[in-house]
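What follows are several structures.
Same chain, two partners: subunit A is paired with subunit B first, then with subunit C.
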Partner chain A sequence: MNVSERVIEGISIDTVFTIHVAGLDIPISDTVIASWIVMALLVLLAHRATRRLSTVPGRAQALAEALVSFARSFVEENTQGRGRAFAPFLGTLFLFIVAANLLPSLSPRGGFGFEPYFTIKPLTRDINVTAALAVAVIGVSIGARLRRSGLKGFLRSLIHPMPFMLPFNLMEYAIRPASLALRLFGNMLGGFIIMILAETVLPLVLPPVLGLYFDLFDGLLQAVVFAYLSTIFIAEALE
Partner chain B sequence: MEAQSAALIGAGLAVLSGIGAGVGIGIATGKTSEAIARQPEASGKISGSFLLGIALAEATAIYGLVVALFLLFR
Partner chain C sequence: MLRFSVTFVITLLNLFVLYVLLKRILWDRLAAFMDERSSKVRRELEEAGAAKRRAEELKDRYEALLANAENEAEWVVRDAEDRGREEYRRIIAEAEAEAAAIRRRAEEQAIRERDRARDELVAEIAALAIAAASEVTRRRLGGADDVAEAEAFLRSAETGRGR
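After this line comes the complex of A and B, so read on.
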């Protein structure tokens, strides 16, 4: 198998099975299944960490408490104390993207004539996953603006400095989710392709070294950037 | 020229958008180092806006990459 075939096989999204409901065929792709795995993992860990809450926290509870208080203080700091209600949403977003970006590192790798039974490919290589996250963020920020300043204030914010700014303000609602989705998608897909190339060219030494950057560091950085930009969009809606 | 070779050349040209992102991130990093050297106690706030800045500067390179991928795997 040559290099370009490997890359195409790596970035293609397979339909694993199809659900037939009420005359509709709903294809379930491998990225959907991977996101189910991430969701199950997060729910399970959150349940284990908060099962028996005690005043003197155990290890899991201490970690959960640190994460929750970090999310709260981060969101409050960036929204001038107005956005406390959005801390759970933004924290969940961050944890989901971190888990989604780090999960493929656990995948078994082939090579030297060995073919693993299953592989976990990064689910953020599917633009549908990142677009869904970005649309959720923009929906929440529109809802935040509506709740903060009402329908009248929302409409007034569209013509904010001058009435002729209306098309630009409307365009912002399309550009922001597009740039959020494309940033995460492009970064993770680019890193994934580079990792495939490295595994093809020099499977012995190169992948672990490059993987430190492209799998661990870049995955964490992109999760931070995504959550940070979402916080800023919501903070702007709350002004 | 065949459509496939034109698409390959176009993909190569699209990735040139990485130049701008590289320059932009370089400037941002340099200014961040200067700012932290001047006021080490404000490094937390500075690196926060630095992260935001490189995310925005990097976006152009990512658009180029996405366009190149669409051209390659049409």
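After this line comes the complex of A and C, so read on.
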């Protein structure tokens, strides 16, 4: 398999199986399977961390407590104390993206004629996944504005500060999720392609070094950026 | 690669399910636990602060009581000393008064003894004088002048006895 074939094979989204429901064929892609694995992992870890809560926490509980208190204080600071209720959503989003971006670093690697039995590819190389996350964020921010200002306040915000701003304000509701989704998608896909190239060009030497940035640091960074921008959007909706 | 598919909808559902599960298992549970622990720690700190304040108040009160007790003890000692001195002075005064009374009684007794001795002496002298005069009279009296002289002598002897 040459380089271009490896890249195309790497970035392609495969349908693993199809579910037939009410006369509809629902194709289940590898990214959906991976997202289920990520969900199961997160739920299991959360359950393990909180099943026996102790006043003096163990390691898992301490980590979970640090995460919860960081998410709460981060969201409260950025929303001037108005968005505390959104901390679980933003925290869940952050955990999902972190796990989705870091999970592939656990994947077995090929090279020197060795082809692993399975590989875990980043979920976020699929635009459907990042778009769904971004749309969820914009949906929640619209919900936050509706809850804070009511329908009239929301409609008035569309013509703020002048009525001729209506098309621009409407475009913002399309541009923001698009920028969120494409930033995450582009960064993760780019990193993934670079890693495939590195494995092809100089296996065993380049991947461990480049993987520190593209698999670990960039994955974490993109999760932080996504969660931070989501918090800002929700904070703006709560103003 | 950029084709939208049903994965978009499934991911939205997945995110919603994950949110519901994690909110229930992780966020709500842990947040409630942490809030309760924080309030418990705050409550215990407040209780400890109140107990400390109460202990300090008690300490101040005990120190004040102790200072009062020391003052009181000092006062008791001083009072006892004053009373002792007063008693000493009273006993000395009584003793002096008694000694004076004894001395006065002794002087009176001595005066009485002296007077009695003098009276006895005078009476004895008078008796001797009378006896002597009687003897003289018996030997030499013959005329009226002698009788008058004897009577005068007897009167003078009587007078001297009376003195």
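Note that the second predicted complex is superposed on the first by the 239 of 239 C-alpha atoms of A that agree within 3 Å, B and C clash if a C-alpha of one lies under 4 Å from a C-alpha of the other, contacts with A are read in each partner's own complex, and residues count from 1 in each chain.
Throughout what follows, contacts are C-beta pairs under 8 Å (C-beta built on N, C-alpha and C of every residue); 3 or more make two chains touch, one makes a residue touch a chain.
As the structure is a prediction and not an experimental result, all values here were calculated from the model.
Clash or fit: what happens to subunit B and subunit C when subunit A is overlaid?
fit
Once the two structures are overlaid on A, work out the angle subunit B-subunit A-subunit C from the Cα centres, in steps of 10 degrees.
Spelled out: centre of subunit A as vertex, angle of 110 degrees.
Could you say whether A:Leu95 touches subunit B, subunit C, both of them, or neither, answering first, second, both or neither?
Second partner only, subunit C.
Figure out whether A:Phe154 sits in contact with subunit B (first) or subunit C (second), or with both, or with neither.
Touch status of A:Phe154: no partner.
Taking the superposition as given, does A:Tyr213 touch the first partner, subunit B, the second, subunit C, both, or neither?
It touches nothing on subunit B or subunit C.
Could you figure out whether subunit B or subunit C reaches more residues of subunit A?
Tallying touched residues of subunit A, the top partner is C.
Which of the two partners, first being subunit B and second being subunit C, lies in contact with A:Ile11: first, second, both, or neither?
The answer is both, since A:Ile11 touches subunit B and subunit C.
Tell me the contact category for A:Pro27 with respect to subunit B and subunit C: first, second, both or neither.
After superposition on chain A, A:Pro27 lies in contact with subunit C alone.
Quick one: classify A:Arg183 as touching subunit B (first), subunit C (second), both or neither.
first
Report, in whole Å, the shortest distance between any C-alpha atom of subunit B and any C-alpha atom of subunit C after the two complexes are superposed.
Nearest C-alpha pair, subunit B versus subunit C: 7 Å apart.
Using the superposition on A, tell me which residues of subunit A are in contact with subunit B and, in the other complex, with subunit C.
Correct list for subunit A: 11.
Applying the document's contact rule, which stretches of subunit A touch subunit C when the two form their complex?
Going through subunit A, the ones touching subunit C are 11-13, 26-29, 31-32, 35-36, 39, 42-43, 46-47, 49-50, 53, 55, 64-65, 68-69, 72, 87-89, 91-93, 95-96, 126-129, 131-133, 135-136.
Enumerate the contact residues on subunit C facing subunit A in the complex.
Touching subunit A from subunit C are residues 1-2, 4-12, 14-19, 21-23, 25-31, 33-34, 37.
Within their complex, state which residues of subunit A touch subunit B.
Per the stated touch rule, the residues are 8, 11, 179, 182-183, 185-187, 189-190, 221, 224-225, 228-229, 232.
Which stretch or stretches of subunit B touch subunit A in the complex?
On the subunit B side, the touching residues are 48, 51-52, 55, 58-59, 62-63, 65-66, 69, 73.
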